[in-house]
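In what comes next, subunit A is part of two complexes: it sits with subunit B in the first one and with subunit C in the second one.
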Partner chain A sequence: MNKLKEKAKELLSSRAVQVVVGYEEGTGGKIRPAFVSRPEDADKLLYNADCHHNLALYLYKHETKRIGKMAVVAPPFVLRSILILTTEFQLEEDSLVVLGVTPEEELIEFANFKEIETWVNQHPIGMKEKDREMLNRLNAMSRDERWQFWQNEFSKCIKCFACRGTCPMCSCFRCTVDYNAPQWISVGSHQLGNFDWHLMRAMHLAGRCSVCGQCGEACPMDIPVHLLSFQINEDIFKMFGSRAGLTLKKESLLSTWKSNDVENFIR
Partner chain B sequence: MDQFEPKIVAFVCNWCTYAGADLTGTSRLKYAHNVRIIRFPCTGRIDFLLLQQAFAKGADGIIVSGCHPNDCHYTSGNFHARRRWMVFRQMLENMGVEAERIVFSWVSAAEGAKWADLVNETVESIKKLGPYHKYQDMAKSLEEWEVTHE
Partner chain C sequence: MKLIKKEDLPGLYGYLASAGKKIFAPVRKNGMVSFSFTSAFEEIEMSYIQTKLSAKAAAFPKIEKLMKYTIQKEGQSYEPYDVEKFPGIVVWGAHPCDAAAFHPLNAVFTWETHDKYFTRRLENLLIIGLSCTSHDEFCFCTSVGVHPGDTKGSDIQLTPLPGGDYLAEIITTKGEAVAAAVPALFSPAPGLNKEELVTSVEKRFDHEALHAKINGMFDHPVWKEQALRCIGCGACTYVCPICSCFDIQDEGGIFGGLRYRCWDSCGFGHFTIHTSGHNPRESQDTRWRQRLMHKFSYQPQRQEVFGCVGCGRCSRNCPVDMNISEHLTQIMAV
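What follows is the complex of A and B.
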């Protein structure tokens, strides 16, 4: 990953960007996001398979935008997130330098977002074996078993909203769950409040999820919330033939429609 | 024990289904009285959170109905709604909710008889399914929580 460090140094010392958002070693042998603003600090940047944070999260926040132009270390799921955020008018192409990193830990540079679009279409992201198994297990269950499974999982939820906090697609300044007039979702972490929250979160991410799995990763209670998004992502692909984060066309799934959408349940 | 009378909440659009239900009345067509109609400007306005609220407040079944495709007063509200319901139904299915308790339909202002049939059929099917205890038991957690957090 020396190329990445060199490139970061070059960008910072030439003042092409004010900050490089990347990964560094944290405490306890874990990886954490890093904000590098001095060229001499660029040596702490790294990339490996353990880098799971979705750094697209930081690209549109007030706090980071204030710093100035940014460069971001972008594994495939960050690339997809960048495309989704661009189609939703949250990011502008000239505000950002994208330092792509492949799963083989190689640096790729993109001249523009169009090149990112081409690249992500040529390099599909596979689901982790563990997640694939869990989805198969859930699909094999009867509906009542699924209900029980999710009720058990949601009973652990403490409504810390880490799943929301870590997701770059939760870009609203004020989330529906924070409204109290009218109050859509009860604030307490009881069964109904938890169920309503997770159903709403999954619905608001439907057709916009970059499938990074970071929401499940962030959950302190180990609830596999990411599986809700992963499964609907598969269903949406079956229904509409599209996946989020593969296009720069401004056609978010639920804000567009086709006159020939095919359903089989409306009487 | 009394026979189970399901509570049905109907979310309907102002321009087609509400007018259709009006026509049912002016045509003197009798239909099941289990339905509570809530009028919306458009099916595109019906947020899925409203459906969650209806179940949590004790509905056993839900009807969502509006203008036929290409008949929307606002041109495309029902097309937006159709996509939303396609995804929402699948999401409910994935989370183990009994999605067949929500009946979607297109009822135009001229289809008073269709509205009567729709309500009657829905009431019949919900009667077969019985009360939605599962969801209602889950919703009780809110009352318990409110008592302990007064």
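What follows is the complex of A and C.
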């Protein structure tokens, strides 16, 4: 994507930004996140449909922020994540230049976050077909069959927390599982502890997930953990009619009280 | 040098199983090959490049019960799990990297304290190694002092022959005891050059030179550069055959529970956090530096072992392609 490389070079040479967070070719045919600080290195930046990491993750890490002002290469799921993080006070507009990239490999230079909000509302993103199929299959199962499915999947879990590490919305400085007085969630890999971890994380992401699927992608044991959040997203859409990452309003779906909140669970 | 015919290999499995051993071998399940306790020879996959998880769980399980405790009015009681009850395990079909890895792993668990749980499991372990006839781009054993036909750590080493038979080298007294128990399975080997049967892994760097260089690099800016994309998970640590950090947890209720140890990772943000709140490794680059210096500087200095066997699992499984041999090559070049 030449326009992207040119823009990155321009931003770095003019010192408008000190680092461009994007994608580059890795080893073994993989693509990986890239951090470019020198204009001459901008040539390694690329964008195509294989670019899957959610780069919004790096934008609030102090290790990236200490470099200086950042530009980020942002496919649609990253744009949604940027909005979610902004509503949660994790990102500030002034510290960031957002270079939107589309599936058609076009470059969009967003002048401000309001433009991002407009764009994402005009360009909804859905699940990948194979994820949609898997969810349909899971929903068609009986409760017992679904329980068995997840028991089998979680038996593989080694509690490496790659799912947490790769998720931009897992931004807590100290995760629930890192507390030990009390130890809310088991750290060891056993059946109950594995369920605890994954269900807790799915609940904490309810209403906040940008449907990037990176948690499932990152899992070294190939557990489709992203399906948990995808399903909750669908449930939330049915119940509340909303999806995450489409607004700049500093409100949280599940944590902001409204007088017209549905309370039909109180009997 | 002996020969085991293809049709005799199940007999070796059968003998070990009937001797009460639990056989930990590469099994294909859920689309990946990983070490699993097996109940039949047919479950084993002998031709694999690398398993998902290493074989270290045979001596250092991902979760291990240490003791039960009860809390009563009269006081507390503790019941340690009896290490004498640990079954004998056979690690079947470990590539040279995995077999060699038990030595540096043992160095950690016997360094100052003799860890009875680990050492007892290791004493009861029999390792049947499997030379490598192929490799992929993530393998780099020859850069860290191991090679595809290496017998370090194996009690019996098998090398696949083109027809399906195996060369068998009996390495240790444990291996000799097995061969003596089922002599019919072992026939004299034809004069074959093992070098020609195993794959060849190109050396990327010299491990002694790496150790000498990395010793002086604590304050080098390269760590900040390399660690930018690291997400601080434990994937590399947990798939590694040598990483040995663990956490100890008590889980139970008011009147008692269970103490266990489980894998931990120095990559996690809070691995080194103090009770005071101070964290000596507050940024990911200090944690990345720790990983590499522990393996290539501190362990060689303190324990006289190398903390890496070049199996490549960390690099294959890292969600952001922290390819260790690429990083090490870069370190040699700066």
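The rule is short, and it goes like this: the second predicted complex is superposed on the first by the 257 of 267 C-alpha atoms of A that agree within 3 Å, B and C clash if a C-alpha of one lies under 4 Å from a C-alpha of the other, contacts with A are read in each partner's own complex, and residues count from 1 in each chain.
Criterion: a residue touches a chain if its C-beta (ideal position, glycine included) is under 8 Å from a C-beta of that chain, and two chains touch if they have at least 3 such contacts.
Here the structure is a predicted model, which means the values were calculated and not measured.
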Partner chain(s) touched by A:Trp150 [first = subunit B, second = subunit C, both, neither]: first
Which superposed partner A:Lys30 touches (first subunit B, second subunit C, both, neither): second
Touched partner set for A:His190, first subunit B, second subunit C, both or neither: both
Contacts of A:Ala218 with subunit B and subunit C, given as first, second, both or neither: second
Touched partner set for A:His53, first subunit B, second subunit C, both or neither: second
Contacts of A:Phe161 with subunit B and subunit C, given as first, second, both or neither: second
Which of subunit B and subunit C A:Thr64 touches, first, second, both or neither: second
Partner chain(s) touched by A:Trp257 [first = subunit B, second = subunit C, both, neither]: first
Subunit A positions touched by subunit B in one structure and by subunit C in the second: 186, 188, 190
Contact set on subunit C toward subunit A in their complex: 30-32, 52-53, 62-63, 137-138, 224-225, 227-229, 231-235, 237-239, 247, 249, 251, 260, 262-265, 268-270, 283-285, 315-317, 319-321, 323, 326
Residues of subunit A touching subunit C in the complex: 26-28, 30, 32-35, 53, 57-58, 61-64, 152, 156, 158-162, 164-166, 174, 178, 183, 186-190, 214, 217-218, 220-222
Interfacial residue positions of subunit A with respect to subunit B in the complex: 138, 143-151, 176, 184-186, 188, 190-193, 195-196, 198-200, 202-203, 206-207, 228, 231-232, 235-236, 239, 253-259, 261, 263, 265-267
Parts of subunit B lying in touch with subunit A, wherever the complex brings them together: 48-49, 52-53, 56, 69-70, 76, 79-80, 82-98, 103-106, 118, 134, 138-139, 141-142, 144-145, 149
